[in-house]
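What follows is a set of structures to go through.
Heads up, the next two complexes both have subunit A, just with different partners, subunit B and then subunit C.
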Partner chain A sequence: MNGFVDRLLGRVRLGGWLAVAAPVIAVAFAVLITSVVLLIAGSDPVEAFTTLADYGTQPRSMAMILNTGVMYYISALAVAVGFRMNLFNIGVDGQYRLAAVVAAGLGGAAVVPGVLNIVLVVVVAVIVGALWAAIAGLLRVYRGVSEVISTIMLNAIATGLGSWLVSEHFGVLTGNDLGTRPIPDDAHMPGIPLIAGTPVLVNGFIVVAVVLGVAYWVVLNRTRFGFELRATGKSESAAVASGVSVKKMIVVTMVMSGAVAGLIGMPELLGASYKYSNNFPAGLGFTGIAIALLGRNNPVGMAVGALLWSFLDNSSNQLQLLDISKEIVQIMQGVVVLSVIIAYELVHRYRIVAEQRRVSRELAAPQEAPKAGAAA
Partner chain B sequence: MAAAACGGGDDTTTTGASAGASSAPAAAQVKVGLAYDIGGRGDGSFNDAAAAGLDKAESELKVEKKELEATQGETDAQKEERLRLLASGGYNPVVAVGFAYSGSVAKVAKEFPDVKFAIVDDDAAKGDNITNLMFAEEQGSFLVGVAAALKSEKGNIGFVGGVDVPLIHKFEAGYEAGAKAVKPDIKIQSKYLTQPPDFGGFGDPAKGKTAAQGMYDAGADVVYQAAGGSGAGVFEAAKAANAMAIGVDSDQAALPAYADFKDVIITSMTKKVDVAVFDFLKNFTTGAVKSGPSVYDLKAGGVDYSTTGGKIDDIKSQIDEYKQKIISGEITVPTS
Partner chain C sequence: MKILYGMQRPDEGEIRVNGSPVGFHTPADAISAGIGMVHQHFMLADNLTVLENVVLGSEPRRGGLALDFAAARKKIKEISDAYGLGVRPDAQVEDLGVGDRQRVEILKVLYRGARILILDEPTAVLVPHEVDELFDNLRGLVREGLTILFISHKLDEVLRVADEITVIRRGTTVATVNPKDVTSRKLAELMVGSELPSPETRESTVTDVVALSVRDLTVRTGDGRPVVENVSFDIHRGEVLGIAGVEGNGQAELVEAIMGMRPCEAGALTLGGADISQWSTLRRRAGGIGYIPEDRHRHGLLLESPLWENRILGHQTRRPNVRGPWIDRAGARADTRRIVEEYDVRTPGIDVDAATLSGGNQQKLIVGREMSGDPVLLIASHPTRGVDIGAQAAIWDHLRTARAAGLAVLLISADLDELIGLSDTLKVILRGRIVADVDPANVTPEQLGSAMTGAGEGV
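After this line comes the complex of A and B, so read on.
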């Protein structure tokens, strides 16, 4: 009985310690590598990190960081839905861009007034994202095409299709920029004065992002669907044996991932640019992949990752004022992702070794016990 | 620097106003802030041309400079912050390179009425303190189209555009019109390397090479590229095919970076972003900045064709004839 309690306590203690160790190691390692890179580049790391800290603690920057972070977070969630089932949806990028083009085209046409238009734009974006992702899901199920390959190709097709839609159907030329007709004023997502001391409003979609994060956790951990999704991710054959239709799960998961992906462009479309133009942010889907890895598919972890990523992206101007090349930001981001992966792997291995030691100690213990009994 | 870094604070309008007042033209030291489009200094093309104008201003007008670069996939809000950071940090004037800054300049210029802004390649941003540096790319492209048609022996020429955007359509339209003015039945192959929002086509020599190779294989003997950094690939393909190519933006046959290809570059359509940027900065120091569009066309010498290498000396008189007709207005070059 004591052994069991010990083991239990030991595991809890070990788990708690390890849970803190991994991110700490990762951050320390990332700071170290970045400092080395800065030194090699001839910049002062202390000055760079002080500037970053200064920047990150200003109210105005915080609002900016939240605003880009919202998009990054939704993107990470879209990727994570697939990751949890071992589905690599590389196509989040194409899904959100195509969704944004179609939604922007419809929103700009102002078919319905006011809030209804916001709802229409969002619903259309979700549907387009879901349908585009469904293609990859169906190809995987009925044709055995790896979703990695098909989503990459669908990204390229989405680019072409989006470009064609803008230039042939929705496009209005302003100066040298081609974009959709702006969404009318009455259908703009209002901002929230969330951060005191700055006139910069936080994008209203932050509420949607938080709700999505909670929903992600609830669906995965508290529903039968979530259980089946995680089970299929862990072992397809085991899932089949317990009566899960893997084919259905693949299609449904891709559709869900695509539906969330459809929302990525909405904060920008309905809260900032109000149109889809050549200037619309691209590549957010790939940022989402990195952040999902960084946050280990955990809703809170990904939120931290999204904010960190956004903070680094937004601080690029400040670093450039110090004559530090903006590429240092990309190096930092890359190093952070690698550090997190390596740190968790190290801690994981440490745990396995510790477990093995514990098991062998426990295996050794009963052998001594009978001896003691025999002696007595 | 630390003060400037903190300048992104919240009292932007007041900081901006005081900064504007303290750095009135001809004051002690003019601090120029320049924001690049993606690619930044060193792209061997458009951004570099702006950088050259800035460098010239630094040495001739003794201005101080600060350059900030854009990051891939950023939002308009981030572009605005970049301009705001410069304006609130006491940089006046502020130059934005590329039409991507259109909305951002329009917005930030309103917040800093005492700071002068210039934007290259955009006339949509309007304001009392905004100067739009515009180019008639189609006119210069018309002339190199004439050169291509006259030099082509096979009656088959090509155009490689970096990204399928309206700005690059102007290059294509002018080129086509010029070539057809000489030989109405000439065959013109045309290809864009990427579709927006993928702007990779401005920086991918491998894509440029493949596209140009395809055109030479299909019978073209002259290819004009308006593809930024991807242009190097077009030149490579021209060299391999022992054919001709036409450069863009700078006089590329004269650039050290393209020394290997100077034999195949028969001419370049020069778009003098450097001149426009320098002119603007010079006007600033003399207090003669005019808001609104400044059009750099053939007449103003803002676009032209280059003759480095002497490869088109034999047809120069014919090209100049067309040039005069465009300047006099006898020929109107289409823009799309």
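After this line comes the complex of A and C, so read on.
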């Protein structure tokens, strides 16, 4: 059972073509299932997918897909940091929303001018996210409270706290919309004209997202800290015997996950809406969980997953033109995640058997091999 | 035992129950064939009543859905009275003592219709008068026509309770004897094997320099019961100190305390003159303690990581594995290749997962890793458990070579040949205390076995 969770959370590597085969099979399978659902509903699946693809390849849509994808990706990274260590930070959602509220309130107050304000907003968001997540980490270490439970409850508290902050402290009423004071123009994150043929700019935070993705990979795979984190995730008992302080790792990992979570709302806050209001996107933390599962905590895999997810979300409205309910997209997203999990499980079993066979074959095969090597 | 209870499949051979061959795939099969198992560690839910625990998983139904507690209570009463178990069905399990819990376990098995009971080390957790009560219960069960398979390391108990004794050593049946015909000494001899390893004419490499000094070490369980009590010893450079004892007498806790994985009270714990009692596990490792853990899968390896990452495990602060905060992949990989070569780890490469290696090769990798970085002290817990004979000989050789080079070794083993063959000094641990010092050069296995099992304390 434990082994299955390890594989579910992508702590088990799949090498070579297998790593690519599994998600491709999964997406193909999801398309198949969705087609069946569409057929049952009396729609033409070919037409539906063509519409989605057409929409998704237009420059304007591509820019929008990238923009949403950036937020999804950062969210997935925040979740994945915990996943790699067996920590289920379900609280990414509350962490980013609370971080965004506080950061928006401060940014709107414009204590410092221009670029400094951007930096201040980002730093504050990171700190708030980290502190909020640290509560769950400390509860786990000192009181043995499962982080799953505590983060879910902290999500609810974050919602209440955020509403209170907006209505009592930071809020200004514009029309019907109660939100924080807008961040002044000089502290807006500039967009990048990345996609030709559309006036829609790509959010400047795409750079931050790429840097985060690289940093995630480097820290986990190339540093001692990352090694200890992965070792703890794979076998807590072996980590303890190897001198890893599991308590410290839990707190540090939660803090890191929360710090990254604090950044999720930043592309929206500094690059799109410039304030926190009722329209601020919610639920990104849960999207991040799905994408982390989809991308197997792999930085590239999660990027692909984030874009796929964002593509489906952005193009779902187009289906209504065909008289197809846009909720069909949610079915597809759900099926993709499930089939990825199943596909990886199957591929993993195949790989284990194949590798064991290979090892025993190579060892059973003549003992001469090493001797010949030594003689040469 | 696991095979009898359907938890594992046999590779060959057959099991017959009442003369007819059976094949078990799951414990449920074993239960339906009338075999019940009472585990060493109780499998009871503390916050439920005895009644609820007993029926858990085989609840009597009434009208399809409702639980028929009345019927269950009646049945439990009947069983309890028939075998004189004295179980109160409505007591809360958390309020019961150990002996009572054990009777609940037995009742649970009987409730499911078992006619053959397997008891795995049932006395390990009991105090003497509880043992007497258990034996009375067992005799009652036997009188009622049940069959009991009683597994124990304690010779005197086996002699007292059994009608027939089968001795198993290293997975094979050594002998089946009648308790009336054997003495406890004879049984000990059978248990540990009477042949000593060929006497080794090796020179002692023991020096006067103390590598590890342990004084008055006590480890307590969560409820304050001492599992290691006032243990003191010195290991010198170039010395192998063996700890003999039946498993579960505090060896694992002793090792974990020295490694800093478990809190302990110590008069003093010094490594090469430095007080290490407040050091973290990592610092102790970096300070020169190598550790071959008892359970390599749980404590020694990341099974689903490649060999070279396993080389880093436990050595993640030291060269050649790291440079500052960075993992030195090239260094770790090169050193893994060296270990694979020097310690003859049979593997197609260093990128395969540790899980794909055989137990012996996994262990050789661990031994190689723990010998790296010039350790001062090596804690070897059952270093050759579950490895093939070739790997065993290789590991012994490596230990001897390292000892000659001045390594201090704390050797914990259940294999008496290994202990006698490798140790310079041998201590016997029983119920968490060092009960005897023996000279490995002229100890007989009977003496050692008797001391270990408590059959004749004070050798």
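The definition used in the following text is that the second predicted complex is superposed on the first by the 334 of 376 C-alpha atoms of A that agree within 3 Å, B and C clash if a C-alpha of one lies under 4 Å from a C-alpha of the other, contacts with A are read in each partner's own complex, and residues count from 1 in each chain.
Convention: a contact is a pair of C-beta atoms (placed from the backbone, for glycine too) under 8 Å apart; a residue touches a chain by one contact, two chains touch by 3 or more.
Everything numeric in this text was worked out from a predicted model, so none of it was measured.
A.B. asks: Output check: A:Tyr55 vs subunit B and subunit C. Expected answer is one of first, second, both, neither. What do you get?
C.D. replies: Touch status of A:Tyr55: first partner only.
A.B. asks: Does the superposition put A:Thr68 against subunit B (first), subunit C (second), both, or neither?
C.D. replies: first
A.B. asks: Check the contacts made with subunit A and report whether subunit B or subunit C touches more of its residues.
C.D. replies: More residues of subunit A are touched by B.
A.B. asks: Going by the contact rule set out at the top, does A:Gly334 touch subunit B (first), subunit C (second), both, or neither?
C.D. replies: After superposition on chain A, A:Gly334 lies in contact with neither partner.
A.B. asks: Looking at the overlay, does A:Gly114 come into contact with subunit B only (first), subunit C only (second), both, or neither?
C.D. replies: A:Gly114 sits against neither subunit B nor subunit C.
A.B. asks: Of the two partner chains, subunit B (first) and subunit C (second), which one does A:Val244 touch, if any: first, second, both, or neither?
C.D. replies: Second partner only, subunit C.
A.B. asks: Is A:Pro193 touching the first partner subunit B, the second partner subunit C, both, or neither of them?
C.D. replies: neither
A.B. asks: Between subunit B and subunit C, which residues of subunit A are contacted by each of them?
C.D. replies: Comparing the two interfaces on subunit A, one with subunit B and one with subunit C, no residues are shared.
A.B. asks: Can you list the residues on subunit C that touch subunit A in the complex?
C.D. replies: My answer: residues 259-261, 280-286, 291, 293, 298-305, 309, 312-317, 322, 325-327, 329, 346-348, 352-353, 355-357.
A.B. asks: Which of the residues in subunit A end up touching subunit B in this complex?
C.D. replies: Going through subunit A, the ones touching subunit B are 51, 54-55, 58-61, 64, 67-68, 97, 159-160, 162-163, 166-167, 173-178, 197-199, 268, 272-273, 278-284, 287, 313-314, 316-318, 320-322, 326, 329.
A.B. asks: Which bits of subunit A are touching subunit C when the two form their complex?
C.D. replies: That would be residues 3, 6, 11-13, 221-228, 230-231, 234-235, 237-238, 240-245, 352, 355-356, 358-359, 362-363 of subunit A.
A.B. asks: What residues on subunit B touch subunit A, complex-wise?
C.D. replies: Going through subunit B, the ones touching subunit A are 1-2, 4-6, 8-10, 40, 66-69, 71-78, 81-82, 85, 89, 99-100, 102-103, 121-125, 164-167, 194-199.
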